[in-house]
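Order of writing sets the labels: A, B, C and D. Residues in every chain begin at 1.
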Amino acid sequence: MDKTIGSPARAVAGIGDGASVMIGGFGGAGSPIELIHALIDRYLATGHPTGLTVINNNAGNGHVGLAALIEAGMVRKLICSFPRSADPVVFTELYLAGKIELELVAQGTLAERIRAGGAGIPAFYTPTAYGTELAKGKQIAEFDGRPYVQERWLKADFALVKAHRGDTLGNLTYHAAARNFGPLMCMAAATTIVQVSELVAPGAIDPEAVITPGIFVQGVVEVPEPAQEEVLNRSQARYPEMTSCA
Amino acid sequence: MRLKLSSTQIAWRAAQDIADGAYVNLGIGIPELVARFQPPGRQAIFHTENGILNFGEAPAAGAEDWDLINAGKKAVTLRPGAAFFHHADSFAMVRGGHLDVAILGAYQVAENGDLANWSTGPKGVPAVGGAMDLVHGAKRVAVITEHVTREGAPKLVERCTLPLTGVECVTRVYTSLAVIDIEGGHFMLREKLAGLSFDDLQAQTGARLHLAGPVADLTVPEL
Amino acid sequence: MRLKLSSTQIAWRAAQDIADGAYVNLGIGIPELVARFQPPGRQAIFHTENGILNFGEAPAAGAEDWDLINAGKKAVTLRPGAAFFHHADSFAMVRGGHLDVAILGAYQVAENGDLANWSTGPKGVPAVGGAMDLVHGAKRVAVITEHVTREGAPKLVERCTLPLTGVECVTRVYTSLAVIDIEGGHFMLREKLAGLSFDDLQAQTGARLHLAGPVADLTVPEL
Amino acid sequence: MDKTIGSPARAVAGIGDGASVMIGGFGGAGSPIELIHALIDRYLATGHPTGLTVINNNAGNGHVGLAALIEAGMVRKLICSFPRSADPVVFTELYLAGKIELELVAQGTLAERIRAGGAGIPAFYTPTAYGTELAKGKQIAEFDGRPYVQERWLKADFALVKAHRGDTLGNLTYHAAARNFGPLMCMAAATTIVQVSELVAPGAIDPEAVITPGIFVQGVVEVPEPAQEEVLNRSQARYPEMTSCA
């Protein structure tokens, strides 16, 4: 069995209108730029997919990657913890115009909800957000004399994740703090597509060093020397010029 | 015309239903034999709940690393592309629906898919291990079992009388006499030994066997 | 006699309370400055919620690895003995009570320990990040803040009027004028600038300041 | 800051009567034999600690390690998933005589409860054990039309864990399937004590390869060439002869 996919374009070909899509990354670290741009390419060529629900920690920065996806008008709803950035103009304008929906989730709760989705835990309790606006409408329960908020799992149809090395079975390692939400999103999506800087044969990754075991991954596409969102933004890149490797 | 399949032959039959690349957890004991009989050209990836994906056969005697064991505490080896992980991640794979197949043994299976395989009653020391987790989450939960107990009592029953492992979780049963699916609260007979009449099989089964189309012969090699 | 401390000086004062070997999370902005002022012989271990323990100072300009950043998206370096982990493990450290100290900024702090630091109201784009998680779990949650707003309104209040980040979570407040503990629903004054009278300080504080023993002078170096 | 402790005896010196103690290992893989034997040494010398609640996947095997701890009469209650082994005579006899209490927990639920204890999640829902004896008395809730059992976190006063390499800050790696419950128990105990085969300086473990970050570890003791429970049992070792390295 070989989970390799030949190009970012083919890797994202199955994402349909209205799909929920987890996108890895915290700020620019771990953002799968080439997969996102391949998705925009497809939308510009075919009009699909649209009406996406995107789960990411942020709301994009500048005019590449997630920001470009939002700018293209493909995103109906964003689930995130921190929709601010150095250059948040794309999301901010759409949000203030009421053209994009926002579900704000505390960062740790977002991470735990995604893990719960991947681990078959439909709900859990957390102290986070108790007594705040973000707990409104949620069930409160007391354990050992302290109040907690019930939170539900979060799953998605797809996950788009950037890893460092991957083998053809989908075993992954990450680079530094680009790991962030990647291993969790791989667990929580029905179809997880990962771009790796280096694709290797099974056995090339030490079993002790595997961060995401291949069982959580459905497709792997090699993108050597991938773009880095922060670097792109510092050079003021914009999506159409910054072509994907599709 | 054989009277019944051996455990090894039941395991062989179960192995024929496992797709190439499937993620599979095999219960301790007879289900472990399934790994030996993967059809040519197919390679499943085996999960053991104590934290390994893609383990392989036992090492040569004397070459064991007793930190490299499966859930049955038997020494194993690794295949290329193996991974280690801790117990919470391992059971995230189980309960998160990431396994394609889990194959377990059974004391009793009920026609609604209930499984009893962990306790024969209040005597002795109870032990459950990972069975109650494994019956939830795997896309397909199958059972390998003798069709009847050593005393001749049915193991496929209307309702389990022994303590349950899981509720409505089993979808296919491979027995020493037949292959039976569980659908909509019924035992659906798919295959039976050629020399065995439907009535004979029904007589050894504790709940009604249903038919939906022709019943194939259950044929396995000598093993 | 200074009128008030600079942000850097408040950060210096907060740093004096951090023990050697403490695990510390510093909020984005002014709290980040605390890392610069560890007393000689002490070395805290800094946690950033995006998945690093034991990160160090910023790299030289041009030497940044933009995958090696802190929660404020600033490039950092690693110290010997650093570790990477994913977001769920990172917040397990936070909510599981493993951090010794979290230091955050504030819009308002109430005398019962309530904190408001994420939203100034319904206008604009709301953003919460990890603040709501950080106020739960750290053994000590401290705040660094100006004593009053730019307009002169108290930031230490009886009840927060802005949307809450957390309930009864803050235990110590370092302001531009004083160091105040929160105990039993009261602001307990511990230190104040030498040139400032208690009455002057009380006049700039939105809830009653309590005393328990002598109040020390809040002294910091020129920075 | 240096978390090194000089000997197993000193490492376990703080464990008092009635303490709850998580002990790593799945069968013999990962069992911290030297720490356990140091604890028995202390009990035989001083009469303490006694009345322990032990959390482990199993109930010991033969007459070394956890089985020897139970045999010494130090354990009041065991929380585990599978109290059977090749040679379970120690636990079995005490249990059938009513001299030791047993809380039986499904293995995945045991792992998740320990993780929850470490992660500040007081309760969660799982499909495991629904409709079985092990769900008796537990709250049932339905999510998306399916019933789930509420399970509570599990914490302990101490964890005794065996790792492979450790640095003086407590960062750990494990060996093969000896990892099992170790990383979870490190998270869930107030005081986590780890025996490592090799103690190294900070920086000697690649930050990408750390499995347990040091924040979860309070004490590290080096035990070069540690005993392996399965190997001991195959040579029919018994605790008093099999001396600890204290």
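We take it that contacts are C-beta pairs under 8 Å (C-beta built on N, C-alpha and C of every residue); 3 or more make two chains touch, one makes a residue touch a chain.
No experiment lies behind these values; they were computed from the predicted model shown.
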Those chains which touch chain D and also touch chain C: A
Pair exhibiting more inter-chain C-beta contacts, A-B or B-D: B-D
Geometric centre distance via CA averages, chain D-chain A, whole Å: 36
For chain A paired with chain C, centre-to-centre distance based on mean C-alpha positions, whole Å: 30
Where chain D touches two or more other chains, by residue: 112, 115, 119-121, 126-127, 174-176, 207-208
Set of chain C residues in contact with two or more other chains: 52, 84-85, 88, 91, 94-95, 136-137
Graph class of chain-chain contacts, one of line, ring, star, complete, other: other
Every chain pair meeting the contact rule: A-B, A-C, A-D, B-D, C-D
Touching residues (chain side chain B, partner chain D) in the complex: 48-52, 65-69, 73, 84-88, 90-91, 94-95, 114, 119, 124-133, 136-137, 163-167
Residues on chain A engaged by chain C in the complex (per definition of touch): 26-30, 57, 59, 81-86, 88, 91-92, 95-96, 102, 104-112, 114-115, 126-134, 174-184, 211, 228-231
Of chain B, residues touching chain A in the complex: 20-21, 23, 43, 45, 47, 52-54, 78-85, 88-89, 91-99, 136-137
List of chain A residues in touch with chain D within their complex: 112, 116, 119-127, 141, 143-144, 146, 148, 152, 173-176, 207-209
Residue numbers on chain D that touch chain C, as the complex places them: 1, 115, 117-121, 167-169, 171, 187, 201-203, 205, 207-208, 210, 213-216
